[in-house]
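After this come two complexes, each holding chain A, first together with chain B and then together with chain C.
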Partner chain A sequence: MAQSVSEYTGAIKDTVKSFWHGMSITLSHLLRRPITVQYPDRTPMPVRDMLPPRYRGFLEVDTAICTGCQACERACPINCIQITLEKDPANPKQRVVTQFDIDEAKCMFCGLCVEPCPTGSIQHTREFEGSQRNIRNLTFRWSDALSPFPVYKVDKNAEYYPRAPLGSLLRAKLEAHPWNEAGPVFLPPEAPGAAKPVAQPKAAAAAGAAGAAAPAPRAAPAPKAVPTNGVPAPAAAAAADPVPAAEKPVTPNPETK
Partner chain B sequence: MATVTLPKGNPRTKLLVTLVVALALPVILFGAVLVLATIAKPEPVAVFVREVLHHDPATWPFTGLVYGVAAGLLTFMILNFGAVVAAVTIWWEMRVSSRMQSRIGYNRVGAGGFFQWIADAVKLLLKEDLIPADADQLLFRAAPYFVFAGFGLIFVALPFGESVIAADLNVGIFYVTAVTALVVVGILLAGWSSNSKWALFGGMRSAAQVISYEIPAGLAVMVPILMAGTLSMQGIIRAQGAWPWQWFVFTNPAALVAFVIFFIAQLAESNRPPFDLPEAESELVAGYLAEYTAFRYAIFFLVEFGNVWIMSAIAVTLFFGGWQVPGVAAEAYEAARGAGALPAPAWWGLQVASMAVFFVKTFLVMNLVIWIRWTFPRIRVDQMMNLCWKYLVPGAFATFVATLLWQILVARVPVASTVSGVVLFVGALVALVQMLRLAKQNVEAGGDQVDLSNW
Partner chain C sequence: MEKLILRRVDRNYEEMVLNFGPQHPSTHGVINFIVETDGEVMKRAIPDVGYLHRSIEKIGEATGYPGFMPFTDRIDYVAAMFANEGYAIAVEKLLKVEVPPRAQWLRAISCELVRIASHLIAVGTMTMDIGAFTPMVHGLREREEINDFIEALCGARLTYNYHRIGGVAFDLPEGWRDKVLAFLDRFDKFLPEFDRLITFNEIYKKRLAKVAVVSREQAISYGLVGPNLRGSGVDWDLRRDMPYGAYPNFEFEVPVGKGWAGAVGDCFDRYYVRCLEMKESSRIVRQALETIGQTPEEIMAKVPRNVKPDAGEVLSRVESARGEMAYYVVSDGTNKAYRVRARTGSFTAMSIIEDISGGLMVADLVALISSLDVVAPEIDR
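And then the complex of A and B:
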């Protein structure tokens, strides 16, 4: 690699010039104010208000305008939404939602549930601070099984659906629980010998029907997942069962919870 | 600006504690080094034995023991100084570099994150000391000691102040160059004994790099040696004046070039970016220290950052007039000392002033090292070799010859060195102002303004 004298001196000149230029740039940054946002200590406003408006945070359901169509549940690719509908014992024509659980720990914030919602009841908020000692506290229950909410009848002439301010319902739920609260109590854990034989064949059959992979049944401790908040366990289980059964051909993975 | 929540603890107490420690550390370390370096000499020890212990120092068998204790204490304090200086350098570098990247950096442990280095050290010391199964156990364990020895031994000949030096060897700078070579032995051992591809690559690269750059560094060091006519560190400093136009770097145009060459070579020798090929994170994981954990890893890091201080101190010694206090002549120190066994208070004051000058100069050069590190990308291996053999080595030879001629000129026309000193110093000031102006322009070009708040 022959080098002419001008190339040699030119290289030295280039080096000095680029050093000079480069160092002036870093020095100029030293003299500026850092752009760091010192989350969470020193922020000019709550961080959720600094996020872009279409930020996909925790899901919020306004039960006042939920039609109970279960479109969100079907749209969810990872089955983190669980909805149960029952007939109102007092008024057989009225259907009520006894269970509307969203597992935010599982949710991947894809937004596919928001899109099919006919009334805009389920929406992403800008809340994202979900540190919880117990992961079960991240399952948000939008319906109380003891006082289920009736499904919303869509008025054909309505120009808009009256929705509570986005984020207000979720924030109330978040603020109701301290981060280190104990998790909700589900069914008492069965003795392993008693529970497994019942659960395994069912899940295995489901997996077999759907042609799912072999490890699926082992990872599905089915009885543990049925959430009862004072509701008679058999009723909830009976109500929950038909839905996954109907969906088995659609979703290859039967482990909803 | 509303504050949402504040971190735990009282910020005012935190600031107070940090300030107390930040001020006490240099006072204790520098003070201990100053006092012990003055005491740990044969004459004060002899006086101590005669006056306090009432023995004849010449015949009393334990005089040597007293001297040994004093020297041991001095060694201990100097090593502590080295360790603390390395750790605080890390903190300072992280703060400066994060500003350069528009970040804030350490800010959790103590005010401004000042105690981060303590937290890091404690964490590293509590980790498990792992030795890989297939490693060469003996060499793997030994490597950090070589590296640390190469680092610690330099302090023997490092001048802190006018009389504050552990040993003013008459081969001072030669000794420093020699013991620095121990570091490369340690790195090579670490690379080889780890039995890992990355570590071996890193060790080999380091050996190639350090040994190559010894040559331009050694030749560039010859320039101040030629100008001072001595190898002793204190002798080189005494040959320079206190004012900037009397420093070697300005009194000889060739010495300015020699300083640049020396500085680049030192960067390469201490494996600092942009010459951090031996530990190139993106290609070699961590290079020679890829397999090290805990205490041994901490030693490597200590040496790496301690070397920043050392290379700055050596550059200051050789080219920037060392500890020379402006307005204080060499005789003033002798005059202030007095005839007593222990020096007079005025002498201590002068010593403190000289240490402060040396510290400030070293700190400024250290900032230059940090500034360079966070500005430039890592160079390639072939570029590294090119730079050394094609540019630095010929350049160092040229400055060497030019200095010989310059010394002949100065011998004939003594005013030449003053003229060069003034002209080059003014040129350096102009360059500094120009750099600041350019930086300000860059700030304004970004639609920003100079804002030094929020550290």
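And then the complex of A and C:
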């Protein structure tokens, strides 16, 4: 590894030279215009207006031209769209959409739902600023059971479907409530074992098995139905856990079929 | 306390087992290495993969054929376009669908732009791991423009979901071609500037020279692909040797490691191969944009909405930014795939680390990982 003096000084010279090459480029950036932008308050216009038209932001549904064909629901790979169709009680020939929920918190903005839409009712907007304190506020309900909308009849000859300006409907929904509003109160999800009809055989089985000293393998899920049946609560909680195997044949899980 | 320290010295610790990662800024995502060290020198580093496993392949069996396309974006989010392309080609082979020529050109344009963006990340993060922060910011600045173009093309900056089974989703937007050509003019000037900024910096070169040398035989036997394979001096590129899509129409060279800094297959070779590949990708995009027709044409083949291929199995291969990416899709005749398997370049790149790391310094492990350009989600999928 013997290094001659000329090699040694040459390496120093190369290092200093290449160092100044790099440094000159860095220094030249003092004179260049910065490319960074101060978001969000120093932009010349709102950022959503600077985005390209194909930008895939929040989904918007124009219910005036929605045909209720459910093509978007089928196309969604993660089932974040939920549509329910019913017959109009006043006019049995007319079908109405009683539920059109899009869970924007779950949506992955892939754009697969937009493509099969026959009228262009469901579209991506350029809206992306939708932070909410409660994640349930990101479930956009484009229809509900109290005010369902009738399905749109497609005119085969029409070349153009009148659509509300893209983004206007979504903005109205977003601005309807402040970002930190409490979320809508839904009923808590019902566990299959905690439903009312299930409670009777379970309680009976729990009472029968109360004497058996079966060690609880894990913490009891404490089904809400148990205390209502008059069984002493601590005994029921201890005994309820080993029971599910016995109650299975009585109430087959609807999800397993 | 004093006693404790003395006892530790007495016991003469020669080996120490360390966890490197998963939350470590220079592991390029969440990868865990179990490092056996003796002082500053590693005995070996064992990559512990699986921290980022999201069972994407299993999801492919649950969603339909078109519905899996957005999930392929998540396999390699730095260069998602290639994952799109590989999966689309696989299902097209199953369906025996011919892709319209314009769609193939659009695929090549989008993929090569993403290759530039991905390599900018690769070389940028590599310089940052070595200790130079400025070049990474320069790289990200150029990548930002490419992201803007891709955003205008398909609506997303990272998870593109641009390719479809049978074509692509959108044609070129208005004025896009001229903007990209203007960018490529600037970009061709940027590359020499970047080289002067860091690549030919003597300290940087000496730091990477003869570090973690992967020989030609090792590279082939471990199944390295892409720039890592070419960095070891193996002249193999799918785009040239097994051309697919629009690639037979383009003229480009395949850079191969020549031992620019010292030895063939060291960290600098793998790094510099990527710098040269960016130049070739820029050439391909330029050729494609200059020859592609200005009028919109058919960009989607006729594919039924309910994709239901005949029973069979196919393998598709594309040259991704991280090397060869292969999709193995088995159909049982229903509208859901029986099996989807993705073979990615980062996984094999991880397998070689245990063999190479013996005798390296701990600090060189960082250089090795970043020169292999592994992306954590691509390892585990």
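The rule is short, and it goes like this: the second predicted complex is superposed on the first by the 170 of 257 C-alpha atoms of A that agree within 3 Å, B and C clash if a C-alpha of one lies under 4 Å from a C-alpha of the other, contacts with A are read in each partner's own complex, and residues count from 1 in each chain.
Rule of thumb we're sticking to: a residue touches a chain if its C-beta (ideal position, glycine included) is under 8 Å from a C-beta of that chain, and two chains touch if they have at least 3 such contacts.
Just so it is clear, the model here is predicted, and its values are computed rather than measured.
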Touched partner set for A:22, first chain B, second chain C, both or neither: both
Chain B versus chain C as contact partner of A:111, first or second or both or neither: second
Touching partner for A:181 - first (chain B), second (chain C), both, neither: neither
Touching partner for A:124 - first (chain B), second (chain C), both, neither: second
Which of chain B and chain C A:14 touches, first, second, both or neither: second
Chain B versus chain C as contact partner of A:55, first or second or both or neither: second
Chain B versus chain C as contact partner of A:46, first or second or both or neither: first
Partner chain in contact with A:33 - chain B first, chain C second, else both or neither: first
Where chain A meets both chain C and chain B, residue numbers: 11, 19, 22, 25-26, 35
Footprint of chain A on chain B - complex, ascending: 1-7, 96, 98-104, 107, 371-372, 374-376, 390-391, 435-436, 438-443, 446, 448-454
Chain B-facing residues of chain A, complex: 8, 11-12, 19-20, 22-36, 38, 40-46
Touch list for chain C against partner chain A, complex: 63-64, 66-71, 73, 134, 141, 144, 148, 151-156, 159, 161, 169-170, 173, 193, 196-198, 200-203, 305
Complex contact set, residues of chain A against chain C: 11, 14-15, 17-19, 21-22, 25-26, 35, 51-56, 75-77, 108-112, 115-116, 124
